[in-house]
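Could you have a look at this structure, given as structure tokens, before my questions?
Per-chain numbering from 1; labels A, B, C and D assigned in written order.
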Amino acid sequence: MRVKVLLFAGLREAAGEAELELELPEGATVEELLTALEKERPRLSRLLPLAKVAVNRRVARKGTEIHPGDEVALIPPVGGG
Amino acid sequence: MRVKVLLFAGLREAAGEAELELELPEGATVEELLTALEKERPRLSRLLPLAKVAVNRRVARKGTEIHPGDEVALIPPVGGG
Amino acid sequence: MEDLVKITEEPIDLEEVASALSSPELGAILTFVGTVRGIEDGERISYLEYEAYEEMAKEELLAICREIKARWPTVQRVAFVHRIGRVGVGEAAVAIGVSAPHREETFPALAYAVDRLKETVPIWKKQVGEKGARWKPAK
Amino acid sequence: MEDLVKITEEPIDLEEVASALSSPELGAILTFVGTVRGIEDGERISYLEYEAYEEMAKEELLAICREIKARWPTVQRVAFVHRIGRVGVGEAAVAIGVSAPHREETFPALAYAVDRLKETVPIWKKQVGEKGARWKPAK
């Protein structure tokens, strides 16, 4: 499946794009997504360990499975206000 | 000496005036002022025990002496805000 | 800029309060607004009527400003605006604010400012409602 | 009336925040405004640039509104307005407010709201100053 991943803040700048697409096996976990992403975008490797992953706008665990149509986003450390 | 006394809130309404004058011996204390006031305005007697007395805009003790030209005010229980 | 201490018959201008507390070093502005409730202990209220011993109230409020800055030294500005005269239901009777570079001390400082206003400043309120009019001391 | 949750590129309108929190039963309105400081750790700042994952940020803010009202039940309204894009020194980046019939619960509720905003809501700030630009996580 093709999964769209939203990027923000430092991760967006490091990637040079606000969203990207990854090819993943259906039902791949968040952890597998991160591994695939690090392989495809090595320049994100320093920032990825600090980021949380949101699936459908909720922070997900490493083992959460991703399904077609899910909204996936990488959340680097936040700092509103 | 003639001493001007400012009245506020319930005391002002009970007295029917916002300020009054009392004749007191020079150097009379706050306590003596209250006694004289109660005698001259008996209808204030219920409210006077609840009030503080300010001399020159500071809350004074019973023994504080009043001098000519002092600004005396009766402060019933406050409730701003 | 000085602290803002004002007793006024005009409606309270929140922009004036915000601007008195604003400065490029002060990143945290905390403001309390007290408004007139339409119901008190089950009684429908028409309006409140506030009265102040203005000169003494201003001196007391300035003293509270100094106390706050001594006790919470990061707080750099304090504002007190109290309306007097008739204040209708839903309208602001008082606005109290503090500002500091960071927010931590603004919360205890403002809570203290509100408490002290109610305890020691010569301002009185008469509640006028369906059961008549009466002077209400602070709770 | 609903809670106010808004993420906007426009300057924050404090009147809108006050009006969202106002109602004749709600006598206590407490508002925090966070502004951009001109100096951070000795560095002169030009501006901050805020970015949000807007859809998720709004859902998180609405969840915080619900948490607050569950934990401090007298709090009846909550407002969060966060500016995004470039915010100049001295300008407001965020306004957060709560209102209740009486003031007691507004203080802990608002302190909690500010803390939670900084910890969990997907909004980022880039500080641009004389030493360059960098993303700043919350302290």
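The rule we apply is simple: a contact is a pair of C-beta atoms (placed from the backbone, for glycine too) under 8 Å apart; a residue touches a chain by one contact, two chains touch by 3 or more.
The structure presented is a predicted model; accordingly, all values stated were derived computationally and were not measured.
Undergrad: If you walk from chain to touching chain, how few steps can bring you from subunit B to subunit D?
TA: The least step count works out to 2.
Undergrad: Touching both subunit A and subunit C: give me those chains, sorted by label.
TA: D
Undergrad: Find the geometric centre of each of subunit C and subunit D from their Cα atoms only, then give the gap between the two centres in Å, rounded to an integer.
TA: 22
Undergrad: How far is the middle of subunit A from the middle of subunit B, if each middle is the mean of its Cα atoms, in Å?
TA: 74
Undergrad: Approximately how many whole Å separate the CA-defined centres of subunit B and subunit C?
TA: Averaging C-alpha atoms per chain gives centres 26 Å apart.
Undergrad: Give the residues of subunit B that touch two or more other chains, as numbers and ranges in rising order.
TA: Residues of subunit B touching two or more partner chains: there are none.
Undergrad: Going through subunit C residue by residue, note those that touch at least 2 other chains and give them in order.
TA: Residue numbers touching two or more other chains: 34, 114.
Undergrad: Quick one: which chain pairs are touching?
TA: Here the touching chain pairs work out to A-D, B-C, C-D.
Undergrad: Within the complex, which stretch of subunit B touches subunit C?
TA: Touch list, subunit B to subunit C: 6, 8-10, 12, 54, 57-58, 73, 75-81.
Undergrad: Going by the contact rule set out above, which residues of subunit C touch subunit B in the complex?
TA: Against subunit B, the touching part of subunit C is residues 34, 50-53, 55-57, 59, 82, 93-94, 114, 117-126, 135-138.
Undergrad: What does subunit C use to touch subunit D in their complex?
TA: 14-15, 18, 22-39, 89-90, 101, 103, 106-107, 110-111, 114
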